[in-house]
Each structure stands twice: as C-alpha cells, then as structure tokens.
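Listed next: structures, encoded as structure tokens.
One chain, chain A, links the two complexes that follow: it is found with chain B in the first and with chain C in the second.
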Partner chain A sequence: MKEITASMAGTVWQVLVAEGDTVSAGQSVIILESMKMEIPIDASEEGTVAELKVASGDFVNEGDVLVVLK
Partner chain B sequence: MTVKLDERLKENIEKITAGGASKYHEKNAAQNKMFVRERLQLLFDSGEYSVEDAMFANNQAGDLPADGVVTAIGKVNGQTVCVMANDSTVKAGSWGARTVEKIIRIQETAKKLKVPMLYLVDSAGARITDQIDMFPNRRGAGKIFYNQVKMSGMIPQVCILFGPSAAGGAYIPAFCDIVIMVDQNASMYLGSPRMAEKVIGEKVTLEEMGGARMHCSVSGCGDFLALDEKEAISTARNYLSYFPANYKEKPEQTESRDPIEGRQLEAIVPENQNVPFDMYEFIDRLVDEGSFFEMKKLFAQEIVTGFARISGRVVGLVANQPKVKGGVLFVDSADKAARFITLCDAFSIPIIFLADVPGFMIGTKVERAGIIRHGAKLIAAMSDVTVPKISVIVRKAYGAGLYAMAGPAFEPDCCIALPTAQIAVMGPEAAVNAVYSNKINEIEDPKEKIQFVQQKHQEYKEHIDIYKLASEMIIDDIVPASSLRETLAGRLAFYESKEMVFSERKHPVYPV
Partner chain C sequence: MKKVLIANRGEIALRIIKTCKDRGIETIAVYSDADAELPFVSEADYAFRIGEPPVAKSYLNSDKIIEIAVSEGADAVHPGYGLLSENSTFARKIEEAGIKFIGPDWQTVEKMGDKIIARKTMLEAGVPVVPGTIEPVADVEEGVKIAQSIGYPVMLKASGGGGGIGMIKCDNEAMLIQHFASSQQRALSYFGNGSMFIEKYIENARHIEVQIFGDSFGNIVHLYERDCSVQRRNQKVIEETPSPFLTEELRNKITQAAVLSAKAVSYTNAGTVEFVVSESGDFYFLEMNTRLQVEHPVTEMITGIDLVGWQLDVADGKPLSLTQDEIRAAGHSMEFRLYAEDPVTFMPSPGSINQLILPENEKVRVDCGYKQGNSVTPFYDPMIAKIIVSDSTRESVISEAEKFFSDLTIEGLKTNAALFQRILSDEQFRKGDYTTAFLAKQPTKK
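And then the complex of A and B:
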C-alpha cells in the first residue's frame, strides 16, 4: 500500500484516475486548486488505484491522503 | 648517525600515514568509504598537499599511530585552501584534546591567510574519557564552533560529510556554508538512535532520524546529496569554483558558453498564469551550458536556488518553481532562499530573482508554523543585499511575493519584466471576488453572473497591464524573453562597480 498525499492545502479540482486504474511513476492523479494555481499531484511510484479518498470540491490539508495505491 | 635519524623519521611517517589498524581500514572499505588520505588526494589539485602541520600529534602517546584528524594546506582549482579531515581508522575519528587543538589551529591558519576552510567530517564525536581536556576549556571543542561563526562570511566554509557527525560534532556542518552528504553513510544527529531509545523511549533508525537523504530533503541541514565519496569531493571542488578566496575578492570570470539548445524561452512560459511550467527548463536556456550548480535541490522544491554563469559571470539565481506547489512561498522555501541570498551577498555574487509567484501560502497550517516570521526573514535577507540585485518578473508576482522577489521597493538595480509579466496585490480571480463578492451574490441569473465576473476580470487585467506599469515607471524595462540573457549579461557588466553600505548600525535585529 502506498499513499499519495496532498503537497499543500487546497481544494480538489480534478480527479484524474478511478479505482482500479494503473498509474505510472510521475503520472498526475489529482489536480488541486490552491492559491488560484493548478497544483498537480503525481504518483511517486507505479501501482493500481486501490482507493480514492477525496472527490472534486473537497478541502484537503497538507499531508492528507488523497489516493491509496496497491 | 644522520642515516639513523632519517630512518627513525621515515618509520614514524610511515606509521602515521598508514592510520589505524587494518581491521578499521577493512571496515571502511566494506562501507564504500575511502581512507582519509585518499580523500585528500582526490580533493587537492594533482593529489598534492605539501603542508601538513602537527602530523606527529599523538604519535608518541601509547597505542595510537597519530591523532584522528589530518590538517593540511593545499590547492583546489589553483586556489589555496585549508582542510581538516577526520581519520575514522583512529578511534573512529573521535575528538581528543589533540584533535580539537589541530582543528582550531588549521582554522586559525585559514583565517590568517583568508582562504577557504574545508571540513571533511567522519567522526563518532567526543572521547568521553578525554572530556576535561577537550570539552569545557578555552581551547576546547566550543572554540571550533566559535571560530566557525567568526569566520562565517569572511571565508567560504565547506563541509563534506562522509560518515557520522554526532552530538556536538553535528554543529560543524551546521556552521558551514554548504553541507555535502554522502548517501547512506553520512548522518547528523544530536542523540543517536540508541540514546533516543534510552532517554525518550523512541525507536527509530539512524537513516530515518539523521540520514543524509532526510537532511537533504526534510530538515534542510544538507545542501547536496552525493551518490558516493568521489561525487562528494568533486562537488566540493566544483562549488569552490564559483567563489572567491574571501569576502574582499570577487569570483573569477570565465569564458562565455552558450546555453544548451532546446525550446525558446517564449515557448516555455505558458500565457495562462495558473498553468504550471518547469523553471529548470527556463534556467537551462538562460545560463551558460553546464554552469548551473543547485543548492538544496531536494528541499523546499517550490523555490530553486543555485549558482550559474551568464556570459562567464557568476550569479546566484533565486527562482520560483511553478511546477511544485504552484511556486507558492512556504516556511521552508522562505528559509532556503534567505540563507542562499545571504551566502551570495557575503561573497560578492550578484543575485538574479526570477519571479513567478502567487504569493506566500495562507491557511492555518502555515500561520501556526510562523509563515510571517519566516517570510520576514526572506524579505530582510533580500533587502540588505549590497551585491548587484536584479529582479526579473517572468510571469506573475502577486502580493508579498513581489516583495520577496526583490520588487521595485527593495532597490533592485533594475526590475525588468517579460511581456508575460503580471504584477498585482492578487490575481484577477481573487481580486474580483474580494471586491465584488456581494454584488456577484446578488445577481441571480447565472448567465448574467458569469458575464459580470468576466467583465470585471477584463477590467482588472487592463488595470494591472504591464505596459501601464512600465509607463508609470514602476518597472524599469520590458524585454522579450528571447533577449533576456543578453540583457542580463549587459547589466551584470555595468553593475560590477556597485558599492554600497546598506545601513549605518552594528547589525540588524534578525527576524528569525
């Protein structure tokens, strides 16, 4: 299990993956909107999306888990 | 008789230069660690160091071949430097009375000669059995740190960490200008994992608590993570090539080299202010090929700090990285930039700010961490710079972000904008929301609402139009990205004679 966390506080703008999708290292999985900027959140390693912890519109704080990979 | 005397000298030198027992050499080799004298050979030009004072220290003191530190004078890039290097084959490089005295003496030499001082650290810390002779006294270990503080900004101080730097010893890297750490082997900590378990009950590995990667990416105590000892040593040599011998001199100018080929600067910066781009690509097209030397690459990556050459002239670059956290300034990024600016200013290295910054981060998390205090630290460091200071507004510069990146009020030698620049208290979306939120809420028809917001966005954009700011003389020039390098090279040449005293006083009250 590998958790992908928010690099900074913001609102979830786009969820780019669905549960069951495979992702590669460096692929953007979520885009946050914070400080009026698009903040892409990338997977640091490859894996399969086991669980999406957030939906579009959610507020997340720095360090919150967004996606769980297996 | 003479032959006999020479024989004795030769035997002693052989014993000294061989270091500790062979089992310690084997242990080093198993950890991919070099013997201290091999390290010194790699460090100095053509492997030569002719002056080694107090080589005989501890040579007649019982079972030791010599003391656990080598101190030497030699040349790096043709420039004289002083060096102390722990020998981990002698009592694990720990500090006894002679060790401390040797380190103090080579520091005193570096200070007298006004040449860089290098610390090649691989030490288990103080020898508890020798504590009265090396810990509390006037020329005890505290004097090493006192000297470091005294020499800070006078001469470059470089630390290469090959192994542990424990407890008090961990302050040697802390007082250096740069700390280069060898991955897997280097560590810094006040209390070892064993001590942490005994004293506070925490179970943790050395790598997690004080490893090289942790310090280079999380704590910010490390500046460069080297793959092995060879890379660490060549990095130190490379670093010194950007520096003069001391604060009175200027960095050496080399021949100009074209930047590496690739996309044009115009193509790299997206027009939409909210879309990220990679500042590294921008820097690559701006500076002489192969000249970029990054400090704290793995730490607070939303700001990029590093040395480079533009047409052969050494510069320090402070650049927002929109690709990471939107380039927003955080506690750690403010800290990182403040420290880098101070380093450049101490050694006459002109600073170029490349701004694309939405501002300082807001929210509970950063306010509790003291973002205001840390932001003030950055703004203070940037303000009292007396080297040439150039502010380039690459794209947006919003709020106090403009201030932190040497905006017009902070007396940069010039504030120049690219045509993509946008300077404002805040971006159009935030500003329109702030000013018209009541009005926007009152409009019921959604179509009408969108139309109103768009109209206000447009008006706001016209209000902060960069040509308007140039016409008001807020910025000094607008240059196309394609001629930015040329502009900077020209200005750096003109600003070379800049000389100023920032403020008449003893020293500022630092907002740290």
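And then the complex of A and C:
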C-alpha cells in the first residue's frame, strides 16, 4: 500500500484517475487548486489505484491522503 | 451617495473603505467564514457574512450580495478587482435593482470581457492589436493552419479569459495540438465560454498598461502608464511608473492609443488598457480591464489623484475634476506584491501570519489586507500586501525599497520578500532593462 498525499491545502479541482487504473511514477493523479493556482499531485511510484479518498470539490489539508495505491 | 457596499475582500476592500470614510460615506462589507477576522470586516460600518470560504459559495454569490445591498439600502456597489468586478451579469443585475455599479456600464463590461470582440472593436477603431485571429478558432486543425501562417511561437488564449488566466504559449505544432482540447475544455468550465483565439507571441516584450478614466459627459483622459513586465506565471509581481523603457514620443503614442481605445467604447469610470510592447517599440492592444487595477496606487502616487475617489464621483454623475492638461505626473513609484509563496519555486504557501512588523518609512505606502495573527487561507489570491515605494527618482525608489525589505519582518509563512531583494540588486533591473521573461531567466539560487 502506498499513499499519495496533498502537498498543500487546497480544493480538489480534478481527479485524473479512477479506481483500478494503473499509474506510473511521475504521472499526475489529482489537480488541486490553491490560491488561484493549479497544483498537480503526482504518483511517486507505479501502482494500481486501490482507493480514491477525495472527489472534485473537496477541501483537503496538507498531508491528507488523496489516493491509495497497491 | 451615502452608502456603498463593497463586493470584495482583503486589502482592496480596506482601500475602498478608506476613501469612503474620507468622504463621510458609510460602507457595508460582505465576508466569507474564512475572512471573519480580517481588518476590512471590522473597519466597515456594517458587515454581513455571505457564506462558506470557497468563492463560489461566498464572493461569487451575486444574488446574495445584491440582496444585502437592497435590504441595507446601499446607493452603490464597488466590485474591487477580480471576483465579480468584470462580471457583466452582476453589473446588470445591480443596475436593475436600482443601485449604481461603480464601474462602466454592463454592456461595456460584457464587450471587453470577450477578448475576441475586444480585439475586433479595437481593430475597427484603428488601435493596433497583436497579430492573430479575428474570429474564434473552430478546432485544432484550423488552429494549426492559423499558427503556421502567423509563425511560432504563438499564444493560445481563451476568449473568456484575461488577466493572465486561460492562456498558454505554444512553441511548435506539437504543443499546440497537445494543449488545444484541454485549454478549450478548461475555458468552458472556468469561463463558460469555450471560444479560443491565437495570437503571435511577441518575444522580449514588455507589458505596459495605461490608466484611463471617463465620465458620463463624454470626457476621457489618461493618467499615464504602468510598466508591469516583472511577472511570474503571467501574473504581475512588480509594477512601476513611469516605465523606464518608454521614450517621451512612445509614451505619447501609447497613451493616445489608450484614449482612442476608451473612446471606441464610450468608456466611463476607471479602466486600464493593456499593451504588449516589442523590443523595437511597436505596441499592440492586449486587453482592456474594466475595473480598478491592483496596481492603481503607483498612478495615485505620481499624479496625486485618489482613483477610488474619482470612481465614486463618476458613479455619482459628476464630471471628471481635471482635464487632460491639468493631470500632471511627478516622481517615480513602484509597487511590490507581497505574496504568500515560496520565493524560488513560486508555489503557494498558505499559513498564519505569526509576526508582522512593517518598517516605518515616509516614502512607503503599505496597502495590507491582514494584521498580525490573521491567516492567509488557500481559498483566495496569495497576495498579503502591496508595498508602494515612491520618491523623486527611480534610483532612490530602489534604495528605499531595499531598505524596507531588509527591515521587514514577517513570520509564520513563506513570502516572496527574498525575491524582491534579489530583483532589486539585479543589474538589469536596476538599469530598467527587463522584459516579461525577466523572472523566468533569473537563476534559481537558494
């Protein structure tokens, strides 16, 4: 299990992956919006999306888990 | 005019409150849950909570804001900048409620908000526009054809965008193809308008804008230029006036073009005509901002005119108090936008302002929306304050600014204050020799 967390507080603008998708290292999985800026959140290693913890429009704090990979 | 509702937040709400107080006008603030502790809420005569922190649930809730304006008996609404300031539907609904919108009429807001229509209007009026498409680009194939005829690099822009949002530079065909669909999709979801257009990218350009003002008697004047070439992510960081680049001849030409632009739409109230200026001094209309600009204070400092005061007068049906010949500029002024962001990566850095000590300096005006102990939340623009330094010459402005930033104490979050110190010591900047590429070219030293 590998967790992808928010690098800063913001609102989830786009969720770019679905559960069951395979992702590669460096691939953007979520785009946050913070202070009028889009912040892409990337997978640090490859894996399969086991669980999406957030949906578009959710507010997240720095360190919150966004996506769980297996 | 006895009572004004301010449909905005932070420093600009405070700025408007200040002029209203000077004139004995009562003010109504509206605020989101995230802003309840900010100074503008307590400084206003009346304050109303309008909703949760996200702008869609608060500062963009036009019906709620208008409802408060009506029930509180506001005579006028000042929209500030950003948020609803260039929303023609908001402006129209306010007028329909029998309240004065402090800005141009809603038809002009609508016309200039559509960048394709704005380009066409200016072209017809004889104002040079950036070479590019006149009609919306239908699809990516047409875009590729057009870009080929213009020559790369090009700027792909959303007609509903503006203010540096909704645009991307494409260096070649592959990039244009890669970005077309996603940019169009984004424009549709952000601005409700998927129309795209393509402009020639002007290399080594400067971004110079002209402050204009019109009244309801047909008088239109300019209040000189502001050079806004120091930018990151197409967003301004430092603005100054006069521009160190313009010759007197070019200044005359560009200010005249701005007046022509304003006359083309019978402009009333405060507006800004933005131009991109090439190395060789050719200039082209970029867009018109139908509102008070963030960087308006530098113009106030060199002209001695209270622009918010002029806005209130024009909205109140009074003529401009000065003619073009009576508007004089003296000295030099520079504005630094203090952002809550990493000074190297420019990434946002929300947080709490644990300590804020602003050095006292008679040459420095600080327009700040926060006080010590407040939080800069992730919901809004990262600007904490505007540091406006004014003196007789550009050299002395730079040295006063260096003094200010070396004495500034702000703790609890990252700010770009260190970036200003780097820029102020940069030889090219000190010579006034910089373009919009200036920050991108800065070495990223730690």
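We adopt the following convention: the second predicted complex is superposed on the first by the 70 of 70 C-alpha atoms of A that agree within 3 Å, B and C clash if a C-alpha of one lies under 4 Å from a C-alpha of the other, contacts with A are read in each partner's own complex, and residues count from 1 in each chain.
Methods note: contacts are C-beta pairs under 8 Å (C-beta built on N, C-alpha and C of every residue); 3 or more make two chains touch, one makes a residue touch a chain.
Since the model is a prediction, treat every value here as computed from it, not as a measurement.
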Clash or fit (per the criteria above) of chain B with chain C on chain A: clash
Touched partner set for A:T11, first chain B, second chain C, both or neither: second
Chain B versus chain C as contact partner of A:P40, first or second or both or neither: first
Footprint overlap on chain A, comparing chain B with chain C: 8-9, 34-37, 39
Chain A-facing residues of chain C, complex: 53-54, 233, 340-341, 347-350, 377-382
Touch list for chain B against partner chain A, complex: 274-276, 322, 324-328, 330, 358-359, 361-365, 426-427, 429-430
Chain A residues touching chain B - in the complex, by the definition given at the top: 7-9, 34-40, 61-62
Contacting residues of chain A [partner chain C, same complex]: 8-11, 34-37, 39, 59
